[in-house]
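Data block below; observations after.
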Amino acid sequence: MNDSTGLQVDDLSVEFGAVTALNHVSCEFPASGISGLLGPNGAGKTTLLNVVSGFQVPSSGSVRVNGSDLAADGIRARVLSGVVRTFQTVRLLEKETVFDNVALGCEGLQRHSPLRQVLGIGKGRAARRRDHDVTIDALAMVGLGSLAQRMPAELPYAKRRLVEIARAIAGSPKVLLLDEPMAGMDREARLALLDTLVEVQGSLGMTMVVVEHDIDMVRRLCTHVVVLAGGAFVAAGPPDEIVADPRVQATYFGAEDARHQ
Amino acid sequence: MLAINDLNAWYGQTQALFDVTLTVETGQTVALVGTNGAGKTTLVRSILGLVRSTGTIQFDGAELSTVPPHRRSRKHGMSVVPEGRGMLNSLTVQENLELGYRRLSAQDRDFIERSFPRLSRRLAEKVSNLSGGEQQMVALCRAFIRRPKFLILDEPSLGLAPIVVDDVYSQLREAWSSGTTLLVEQDVERARQASDVMFFIAAGHILGTARSSDKAEVDRMTRAAFMDSSAVRG
Amino acid sequence: SSSARQPGGGAANECRDEVSSGVTKEIITLGTTLPLSGSAASTSQNARKGEEAAIQFLNKQGGLHGRRIEMKFLDDQYLPAKAQANVRQLIQQDNVFMLVGGSGTGTTLAWAPTLNQFNVPAVGPYAGSSNLGTMKTPYLYMLFPDYGAQLAALVKYAIAHSDVKKIGVVSIQGDILEDARRGIDSVLAASDIAVEYFPETAGTTNFAPLATSVKAFGADLVVLLMTNGDTAGFLNATRRLGFSPRYAAWPGMADKSWIASYGDISEGMLVANPVANPGSDSPAVAEFRKHYMELTGEAPTLFNEIGWVQVMVAAKAIEKATYVTRPCVIDALNALSGYETGLVPPITFGKEDRQGSTAIEVDQITGGSLVTVEPFANPAK
Amino acid sequence: MSGLPKPSDILTTLIAGLGTGCLYALFVLGIILMFRVSKQVSFAYGQTGMIAALGSWFLYEQRVLPVWMALVAGLGAAIVISGATEMFVIRRASRIRPSFDLIVTLGMFLVLTAAAEQVFGSESHAYVPLLADRGWNAPGAYLNMSDPLVAVMSGSIIVIAYLAIKRTGLGVSIRACAEDPAIAQSFGVNVGLVRTGVWMLGGLIAGLVSILFASRLFVDTSFMLPILINGFVAAMVGGLERFWAPVLVAVLLGAYESLVGLFFGSTASVPAIFVVLIVVLTAAPSRWIADEQVRP
Amino acid sequence: MLSSYWLFIVGQGLFYVLACLGLFLLYGRCGQLSLAHAASMGVGAYVGVVSVNNGVLPAVSLVLSIAAALLFGALQAGPAMRLSGLRFAVVTLAFGFLFNWIIENTPSITGGTQGLSAPSIEIAGLALLDPDDALWAGLVLAYLGTLLTTRIARTRAGLRMVAIRDSIEAARSVGINVAKTKVLAFLLGSAFAGTSGWLIAFSSGFISAVDFNLFASSYLLIAVLLGGANSVAGAWIGAAYIVLVPRLFSAVGLSESYPLLGGLMLIIVALLAPDGIVGQISTVRQRLGSLRFRRPSPPTQETETAA
């Protein structure tokens, strides 16, 4: 493994009864730039994110972030060591303001004594101020600064997505996993989100993995692409190379007979 | 076949559609294009009778506004691929397909085997176990096997790999060339190719319409629909 | 905070001619708290009718000390906390002169200490705990004997009049059962009759195990201390098992409403009754019945009679008091001796005695009505 | 009691317990059907049945109607109340906020209890025995007619319900209503009818169970409360989403409760049941007790 | 000036504020629908009285009461960690009944069904049985409790609770320890309830199991919902409802209608005013505010052609 590898999975397998969702998959995602995770439906992309974020326990294999193994960690431990995800469907606290929704992301930051927080003294006070600042920064970064006090229900779909992304980056993650962030968005919104993601990655420098079916967006967004199919690793490399790869062509873009695999 | 007149629709106090008027001829595929939040899904839901609305919706000569939603499906042969897939997570794939007192016939099974082989192997499984795209296939399949008179597709390509999207659209072209279809699609070019007529919608208003074959007009309307909305949204 | 002062001790408690709260030139206001709604409503509603009739009766005869009597009824839903708040309201807000009647052991236990706090006397709540009627709550004057005394009388009668070898006592778990045990054991001390106690929890859904256990024990007399519903549930279960011992039960089963509902399954049951059977033909009861029917147009039930007696005893004390003040009424109550109503045994209180009587009448449910088999079985104390 | 109970006593108690258990099972059937159609259990369920029992008592006792008509009228009332609860309360509440549907049934519970108390009074009454007073001494145990009556009736209703769910599309429709009424409607399910219909059926079942319990015990405004609790316990332990498990647990719970009462005294039954609930819910594998899991 | 009777009632109301604050944290914030909250109060009340009866100093008995209530809360948190709202509510129901059963079956210690009188005690120079002193104690404690609750709601822990209430998936994805947060909510809720129960026991002088049963828990829920489950002020309104409304009903001689009103209230509030009185007030305010702005007009044909 080289220095610039942010996230590395090794020999991952996940089975659900007769279905093999991941079949000894090994691949790497660089720490710089944004990686795309591609593959036909049911290829195991979401499952891979689930394993990395701790929502799914693999039957074999390991996950490493910047060289350290996450094997025994639960979801919370992973968040604390910097692995954060979003969901295929947006999940927000509908009764709290956008600000509070994003503030939730501070969980990933260092803990501090709850008693001190309640009393508002010493480190507790400092920590509360820090949480506040971090939240403001995260909101500004995705361009939601002016909407901080609004309720999520009042926001259009694309903005709701951004709230979720702001929440994910508030904790300054080392690895950010986005599952189809652009699904259901119109083209304008996709382009705007694309800019935001590039900017966030640029300024925070985390390993970012994006699952996306819109190949045009993937080409604009990603510097590196990993392709899965039928639970197995297929190919990895720069987007243009991957798009041209005949194996990917067959399983993903569709030579006519490939769908009856 | 479908004639909508002066349709206004509300969610609670907020109005989502304003005086929408639109017609779909028998056999036509009509595409609905607009930004997020423009009101496309609301229009679909109004046709299905799922939102509070005023105005008239005539279908095959019958007035629908007093017809309860379940009869629109049963009696008038409407079928929908809903936004967000509409999976019934506690049910199996087969039960999702059978929804509404309908058993899978041999013919249906055949169709599934041919068009969605991934599904035919997993009919007995809980639908919530499927991947996002696989669930979208269930949604499509559920609408298709009913052989509807009027097919409504709300973002049918959501979460589908390109290979499957192509496949779905080619099916639409071939198998449903005779059927009447209302299509909501984010990818304007794809929508243009799949449809006969396009309606452009922004902030709850129909901005205009264009024949799909007239590419220049479609481009002009698309720009209008998308710019307008960004103006409205600020 | 106020400590309990003994009645009669201290200047504030001396009987003098002064203005007392709850008393005007025309009216004396009494008060009570009762479970008028909730699980124990029906008996309390009857008691209330009895009290109202008694007050009407007294007022027709010119009231007491030339004053009309009025009474304030508050509903406590059988909730102790509510009963206590009610008594506070009666004393502090509604300024009643004294408390008369009331019903429910738990509720009475809850408000009794409040009397000490405000030096207000109360007469005759219908409650069967042995924790009441002692000098712990010196302002509380009890008319009816506690569960222990009730059951002692009942069992004494049963063993004297039939051949009993084994007694099964089915009782609500807890202090009621302990009271019953004390009473029954005192009667059986020197006999060779076996007795077994079967605790029960209110709300049993299947009485078969309980009934089977009692049957297996071989009880020929079964004493029942349960809620009306559970008593019925138990009787139904024994019937389903084909088990038919002799039954004896606490006063709840002497009420007309029970007999109307469950007369057939409780045929032959002996019932402890703290007041004279309202259907009896003793002259005192007959006169009471006559008055009551004149006033209300209905024949009195057990709890009508209880309400009536509660008011009558309180009225006697007020009448005997030198002035209409609380200390004077307390003095009069303490001096009450052998007061005969004909409806309850003669009532006697003393400076250190708050238990008006310990005698019990034994009745039997026969052919859908209550028949007196032994009037006031215990000699008055 | 000295020594162990006699075998015949054990058998008698066991049979009575199984009879009670069958009634619990029927009661639980109502709970799980209603849960299927609206993802909701009703705290007012037992009280709905209570209205049938107490109401019918009132009607025949006041000689308004002959007994059988009073029973039918009581059941009718339970059906109407249950259906109306669904139509006017449950359906609207679940849309407002999660957990509110539960809260409104708690409200219904209080309303039905208070209203019954005001209309019918709060006394306990004997109820028509419905065979609970007939029985015969079989060798080894005493048999009562109420138990076989209850077993046959509960058993057949449960089996019919099972077949209706499995063999017709009704089962799918019922679940679809709970999960996504809009989707169900879009595919031709008359959601209103199915929901209200199932709740009306629930009302009928609650009424039947209450009437049968009343015939074995007594009737008043609160006699269904412990039965409601035991029904809930069985449904929770067996799993609300399953069919046979909760029904079976209910039958066994009746037997268990009965035997505990015989061996350890009647007061031991209540905690014995709660101990089962708490132990199962804390110690059972989470697969058994978890909700429908939707994968992230 | 209030009569001593009303002083007593208001004092009780202030003690109930504490219980309602506990339920606000547990249900309003964390979404855990507990039907054993009154039982938690009961634990505090009984442990307090029983320990004082056995010679424990009042201050120590308060600590014991809170500790016992915490334990009771922790016991419930066990199943709560694994169960959904509905199932969990039923389990708390069982806990509530179990509490009542224990009281009823330990008559020698707790007085059983007949209840238990609380001795008159003094703590911090206040004799709780005296309405004046109780009022002071109530004012100070309810104020401190409110302050504490508001603070908690603003910390990370408070936000975590809301996250669990609104979206457990979102909560897990940001690394919230769901189990720990639920336990915390239970401990806080129970501590408030236990304190409240202790105070009510010694200020009223008598406790019994029926004051802490399912109905009592339902009334607490009604109170918190009516006030507004999402705000601290709602707890005050709710406590006022619990203590004052029954008194008003009995003042007009309609006390038997109170349970009916309670049930209807629960249904009506849930259906028509889900955010309670506090929510209702703020909606009215918003409506008034929005009258001042014109609604944005829909885009016209002109804008289209201009584009």
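A, B, C, D and E are the chain letters, set down in written order, and residue numbers restart from 1 in every chain.
By definition in this document, a residue touches a chain if its C-beta (ideal position, glycine included) is under 8 Å from a C-beta of that chain, and two chains touch if they have at least 3 such contacts.
Quick caveat: nothing in here was measured; it's all calculated off a predicted structure.
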{"item": "Reference chain E; chain at largest CA-centroid distance", "value": "B"}
{"item": "Chain at maximum distance from chain D, centres defined as averaged CA atoms", "value": "A"}
{"item": "Of B-D and D-E, pair with higher C-beta contact tally", "value": "D-E"}
{"item": "Mean-CA-position distance for chain C and chain B (Å)", "value": "76"}
{"item": "Separation of mean Cα positions, chain D and chain C [Å, integer]", "value": "38"}
{"item": "Distance from the mean Cα position of chain E to that of chain C, given in whole angstrom", "value": "37"}
{"item": "Where chain C touches two or more other chains at once, by residue number", "value": "37-38, 41, 173, 201"}
{"item": "Set of chain A residues in contact with two or more other chains", "value": "46, 55, 87-88"}
{"item": "Where chain D touches two or more other chains, by residue", "value": "117-118, 267, 270, 295-296"}
{"item": "Sites on chain A touched by chain E in the complex", "value": "53, 55, 75-76, 78-80, 84-87, 91-96, 100, 103-108, 114, 117-120, 128, 131, 167-168, 171"}
{"item": "Touching residues on chain D, where the partner in the complex is chain E", "value": "39-41, 89, 92-93, 96-100, 102-104, 106-115, 117-118, 229, 232-233, 236, 240, 267, 270-271, 274, 277-278, 281-282, 286, 289-291, 296"}
{"item": "Residue ranges of chain D in contact with chain C within the complex", "value": "1, 5-6, 9, 12-13, 16-17, 20, 117-118, 121-126, 129, 132-133, 135, 137, 142, 144, 146, 213, 216-218, 220-223, 225-227, 230, 254, 257-262, 265-267, 269-270"}
{"item": "Residue ranges of chain C touching chain D (in the complex, touch as defined)", "value": "37-42, 173, 196, 198-201, 203-210, 212-213, 215-217, 227-230, 232-233, 236-237, 239-242, 257, 261-262, 264-265"}
{"item": "Residues of chain E that touch chain A when the two form their complex", "value": "148, 151-152, 155-157, 159-160, 162-163, 166-167, 169-177, 230"}
